[in-house]
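You will see chain A twice below: alongside chain B first, and alongside chain C after that.
Right after this comes the complex of A and B.
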């Protein structure tokens, strides 16, 4: 098949006139039925063979084609009385409001018309120049609003009666109902020039066509009937609806011919209007939807197109793609961060094109000869026809193979693949990975690569796409590769890095007192793929810092402050400091990665990340890190200290309440006495928590693994520890103060005395999770917890939608070579990107350079 | 009283000459219609006495760096 490429500049929609409908139609349909007793389509019925055929045996009476070749043809129904096209009722109303009820001219005098014409042409000019064809026409809308209130026609001086429109298709002039035929006459008398002013193009859309005399009937291909197993035929919803329309149309005709009373004719006319309205849209507001006998609402034209399951979002925007795969993801610390583990079952199905040239013809033949993975699945010949390789045609294909052929070979290690997790909220939700074919049924990625996808391994599924052209592969490889996404496009922070046990390992390894035997050093370094030992050892023992230094690029110099001291790397040797989450993990505090990239490139950073991860996991394993309840048990002294701190605090709170009651409390600036009491109590309770944390910190060392986790930055912090081992503290409310409401008499629960201001009565929990909460404390905790959950839900929902709207509005903007930001029509959005043309991913680099 | 014309947070606006405008447009490779708009009755446009079709240059400042922004004056 030859193809002709043409660029569609614009599409213009218009409205078919009644004449056009009749010209387009191949058959006037008159019988409100489908098949006769013999099971043949009735002539003049809704499945008339002139409308096309879908049964394999039959021949189309219009084009002579069979089911596969006949495209289908439109027919029409002639309505004995006209009806309003309900989907256009609003436009009809607008037209009637804008024109005189007697002479049908636009309700503007000649001078106004002149001014308006000029304003409109200017607007169109500027819109065309800016490539903005679809914008609202402001001048027009402002005019139409004004026309509604014009009392007297400036052309024939007729006073305008009040015109009322009522959904979906009723129009009233004063008290009198306007019938569709009257409306049609009114619309027909509006002249072309006035229509142009209102914004209707009379060349493509005359408004009287909005009142239907003839109804276009879509071909049978659009509404195929299906045969059930029982042999019974079942018709499409549209066919059902068209049968209804024709039945009423026929009855209306019979009644008119028989001279029936007007009231009966009007009722039937109304019914005809109902059926036509629901034929276009069965969810028209103001009228009940038409239903099947089963009670299911019919799916008519609008329902086929609209919404999530409609033609647009489901079939057009939501097309399924070839060369893709989806499965559950899981972790694999043994692969590289820029790799993706692909199950062999998937690798055997997905293909990559091998373009045959005169230089690789021999290689191509060898590939084609293969009988096992990785082999060729399909061959695309010069005519573009794709042939599946079978044992029967293989020899033949090898013989005819020549430059220009394309071999579709199975996916193998090193191929480029795009990996994606929904929701795709930012550009790094899709990254390019190198394929690593593995046994098993899941996709595999490393822990550091989960961050940009926001993925975890609790059942998440991800999609894999194989780029098919060399250009696509190159773009993916150089622009979307994982190692190029390590720094955030938002602020240059590190987003792909190690965490959890990966951070604990480096933290423990690089402590000042960390030394190990030669055997341990060899084991650790070999897991990272390093086959040398550090140069220096002390009594046959190797320091953790020197082992870690083996991972660093040779000659790296790096220095930043750390705690009260410094973190120093000199000539590729870690001489001072500890590799914790702040130095080595996600976030803006990690400056080490930028230093490595600046001196040695992204490949070196990727290498460092991969090797240090493996070494770190191995060291964590070797060291043995585990936590249990014992980590949260208090020593006897600590338990005593806790009790005395709480007693102290409670005593002071009591004192404050006494002071308040005796009016001796010093009021705080700008607060009432009551508010001052609340405020001072809150401060007092916060202080207690601060003291508890201090005590815990002083009396616990890193032999407590919970403390180790907090200090290294791997997970949690001291507050979490304190809440478990000492006391939970004040529970928050959304208003910010202590918990006050709950039970109806100004107390949280009925078990508390009225007007009790003490700490326990308003959400202060003086037990930790280890000791266990009292029932009242548990209620307080639940109240606080629920508030937090609600707030979090509200916040993420709102900000998510906000962010999405922003991203959608900005997605097609791009930065031109002159650093200005443009849209697709070359409009200038910013003269300089961000006001300074700075690329946030490289901010940290420029800082490294200065030093 | 607060003035929309003379507020310290409003960056400096000025109408540029036709020749300056033309060379600016040429440097971006665009027509006036590709510029963002400003209404003739905008307080700053009124203050400058700008007419529809003029181009206003705005000296913006972000993070201590200043740069120029341009708007095409249009009728309401």
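Right after this comes the complex of A and C.
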């Protein structure tokens, strides 16, 4: 671990002047080629050894370094005729428009200059601390726009000719084309004071440098050539481009020296401009991109920086890291929620630094001596050099070990690791877990911990990172630990909680009529890790509620309404209510967790969560919960219910169609008659589903496991059950209406009469999955399914971009000690965060407090 | 055991990067909105308004005009109690276009006259008389329009030029014949407390506020910029909050108000409405690197070089780029007293 030697306080941008380029350059390049026949870099060529070396074995002629140590050095090409830096053409235009064509003063009269200077100094004064350049930039921009329309120079009274700029690099004064050298002369004559007024810092950005005489050539390290397996060399796109520039430059020079006609010289000059333009940006509008021999457009400087795969977003905002691992995840109910199961193969590879001090020297030596897991893999000496431990150097290393050394030892139980699943949509997509080394090849997590990651085990992979400094480990452990993320920062709702078997078990266990023998109670409680029995029993039988109460913290008092009744915990005893998903699962309805945290802390909540999940799994096993097709078979009553509901609905729809045809239908506000019909039919069909659910609720046996599953909140809801056992209902389209378009005119499939408005003709499926769909229904269902897939793809894209924009816009805002929200320039965004300085993650705590 | 008991404070901690948390809180459920649009059970009368993610994006983009504008017009006490009086005002506001009350237009080019045949049924449905329509049409077109036989309307143009007559016909069919331009179809609704107010599927609050009987102070529109123009930035901020909240609630997504208000405050902090994106908040950032790392990389770098700008490395992005600690969270605190000598080498 090396410390930061220097801190970057600010970075100033500027333009290299022609002199600076020549000073910076270590070599003037003259040969438009790369290697000679022997495969050696040509002197004065584009891979001149003075520009640095990338081939192992060669020595840099400038610094004497080798491939690894030489940072590379800039060279330059002298252009025989100047060209415009195309990326700056707009800026050049702005400057030319703002200044006189004869005396090159700014087109403001002295009075205006005075006003402007005063305004600028005031702005600068008031914003010394903020350093906010944005606001005066705006004033300047507005001023500069006006200068375009100034007809006569206020200084030398010259009438201004019309200056035209045409993309990408052409300038015309009146009808006459301005050549780059003329433009440079004009820019050079603008004085420093005027430039300052325009907003340009003349110390670093003299505009004449925007017309290039000398072109800076980046070191070979920036454009390494690759050797293919065939031994063929392949040059970087930038090198190719530079070769082009040099070739044309050479030809231009020859022609000039030979006294060629002006037309030929101008053409070559134009070509040189083209190559320089595409060298900077190969996507410049208005000109065809330069292409590789294969026809692929070259990636030049702008393309290297731009976009998602560009230098900024790909290499600077996000960086590749060491000390990380990735594999498939799977579930392990036996570990704790804040643990992560790490395959031993990974644990043997990843390392954690052990910082040797004078106090742990002995322990360090002992660790270093080990020959099997967990052992030390590398030693970092005082000079920062990392040495791999081998049998041959081990003895020696043990001897030289002293404080300040760092041992990199293998990962073991209890180490802190960051665990992450992409897409990382919110901060809890990365949490800190304790390592638990396990056999197997997958990472293991508990079910409750999947929710924040939005993970499941159908092949998902996740990444593991090992923090390497003590500071990082401490921050991870205290700020990012799983048990500290139980409440969502979005709305304070519980996001880490039991589900599935973890809910259905407690639901069944805490029913009013749930009683069990002593043996069962002992079994359940010991599985949960409790070695006591409830104090009260009834004829030797223990109530489920009392067994569950053993998990609750002693002395907890809690009461919320549940259904028509109440859910009451008194003095750590569950006296009334059922523990279902609403009470202790994910979501805002879970108030129990907040109560436990308020009274007993996060550790107690974690303990409760773990124990209750084990209890629930054990009880589910004991009770036996299973579903099959039988759960979805309709009883006779329900079959009748289904028929009557469908008949009823279809009758009504028919009625509506009749009304429509006889024009008796009341049009809905703002809709045409046809639209009104569609709307009312849709509502009717939606109601049918609701009615079916009611029937199902009323006439299904309570012991039906599908029903049980829905009621406890373990998984699925009654709608899913209804769609399987009764009818699927209306299939929607992306437009939100009924399915109306198909391949055919006025009907969805050819098996339906044209212009049929009835329910079945537009995607209403009146069979459930148990009965099976008719072929037409199946097509309707497929139409709906396809729509869902398309919409999902479309909107994930949109929401992804939205999130990127939001994060970029708001990332600098934080809460100051006075509870105000500031940006990093200390501007106030909110005087008090949210009006009350309450953390949304902890809203539930404040509510608990009031009660 | 008392030691284990802890009191948890619910206040924010200094340094908390509330901006990012707000961004994530609104962005993360974006993917959920996608799937939920399907389960929308259409409440019959409501117009199909932009909702869900598209509406959120529209709001954060600070679009000048909402794609489905809505207005709620409250009335002064003396009007708000009677349906008839409220309806009268609604009729004054409700925007009706010629096209929706006519059957067809017949042009007589030689005479330069246009005969507009009205649709009696829709005229009745909209409570309009031919005379009203003719009067308004004449005013809108600036030519004579009168009621002719069978309750039809005759427009007399000043020209016999074929092209010009046709142009007037087109203009006439698109012309509004009742109410306030842009106000949309207005309807009287009754609030829970019995008060009558007007809901409208369009928005143009400036003229509506002038209508006799309208309580201008309580008028509501989902048009951000109209609110900003008429009531100022604070009102616009509130509209933004209300609209974001409503849209999220419709999708059954719970996001804490503090996140929403932070976003609204950020968008309105400088006294104007700034969008979330390259033309708004991000584009206005001071840091060259922060802008370059977001969008239009080359443009920002070129500008910075041409003007000789300085990046003061105060923000998050800039510091990540150079590998420094970010100035938020645990990175926002520093040691006040530094040890004289550095770490032992």
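Note that the second predicted complex is superposed on the first by the 631 of 851 C-alpha atoms of A that agree within 3 Å, B and C clash if a C-alpha of one lies under 4 Å from a C-alpha of the other, contacts with A are read in each partner's own complex, and residues count from 1 in each chain.
By definition in this document, contacts are C-beta pairs under 8 Å (C-beta built on N, C-alpha and C of every residue); 3 or more make two chains touch, one makes a residue touch a chain.
The shown structure was predicted, so the numbers you read here are calculated from the model rather than taken from an experiment.
Chemist: Would you check which partner chain A:9 touches, where first means chain B only, second means chain C only, and both and neither mean what they say?
Modeler: Second partner only, chain C.
Chemist: Touching A:548, do we find chain B (first), chain C (second), both, or neither?
Modeler: After superposing on A, A:548 lies clear of both chain B and chain C.
Chemist: Tell me which partner A:405 touches in the superposition: chain B (first), chain C (second), both or neither.
Modeler: Touch partners of A:405: none, neither chain B nor chain C.
Chemist: Between chain B (first) and chain C (second), which, if any, makes contact with A:835: first, second, both or neither?
Modeler: Both: A:835 reaches chain B and chain C.
Chemist: Using the superposition described at the top, determine whether chain B or chain C touches more residues of chain A.
Modeler: Of chain B and chain C, the partner in contact with more residues of chain A is C.
Chemist: On the A-aligned overlay, A:825 touches which partner chain: chain B = first, chain C = second, or both, or neither?
Modeler: Touch status of A:825: both partners.
Chemist: Identify the partner contact of A:493: answer first if only chain B is touched, second if only chain C is, both if each is, neither if none is.
Modeler: Once the two structures are laid over each other on A, A:493 reaches chain C alone.
Chemist: Per the contact definition in the header, classify A:796: touching chain B only (first), chain C only (second), both, or neither.
Modeler: After superposition on chain A, A:796 lies in contact with chain C alone.
Chemist: Classify the contacts of A:788 with the two partner chains as first (chain B alone), second (chain C alone), both, or neither.
Modeler: Second partner only, chain C.
Chemist: So which bits of chain A does chain B touch that chain C touches too?
Modeler: In the superposed arrangement, which is not itself an observed complex, chain A uses residues 825, 827-830, 834-835 for both chain B and chain C.
Chemist: Give the list of chain B residues in touch with chain A in this complex.
Modeler: Checking each residue of chain B against chain A gives 27-36, 60, 62-63, 65, 67-70, 74-75.
Chemist: Considering only the defined contacts, which chain A positions touch chain B in the complex?
Modeler: 122, 126, 129-130, 818, 820, 825-832, 834-836
Chemist: Could you list, by residue number, the parts of chain A that touch chain C in their complex?
Modeler: It comes out as residues 3-4, 7-15, 87-88, 91, 131-134, 199-205, 207, 210, 281, 302, 305-307, 310, 312-313, 316-317, 382, 403-404, 425-427, 475, 479, 489-493, 554, 588, 597-601, 603-604, 667-670, 679-680, 682-683, 686, 732, 736, 788, 791-792, 795-796, 798-800, 802-803, 805-817, 819, 821, 824-825, 827-830, 833-835, 837-840, 842-843, 845-846, 849.
Chemist: Help me check something: in the complex, which residues belonging to chain C touch chain A?
Modeler: Contact set of chain C toward chain A: 1, 4-31, 33-35, 37-38, 40-45, 47-48, 53-54, 56-57, 60, 125, 185, 187, 201, 254-259, 261-263, 265-266, 269, 276-277, 280-282, 284-286, 288-290, 292-294, 297-298, 301-317, 320-322, 324, 327-330, 332, 342-345.
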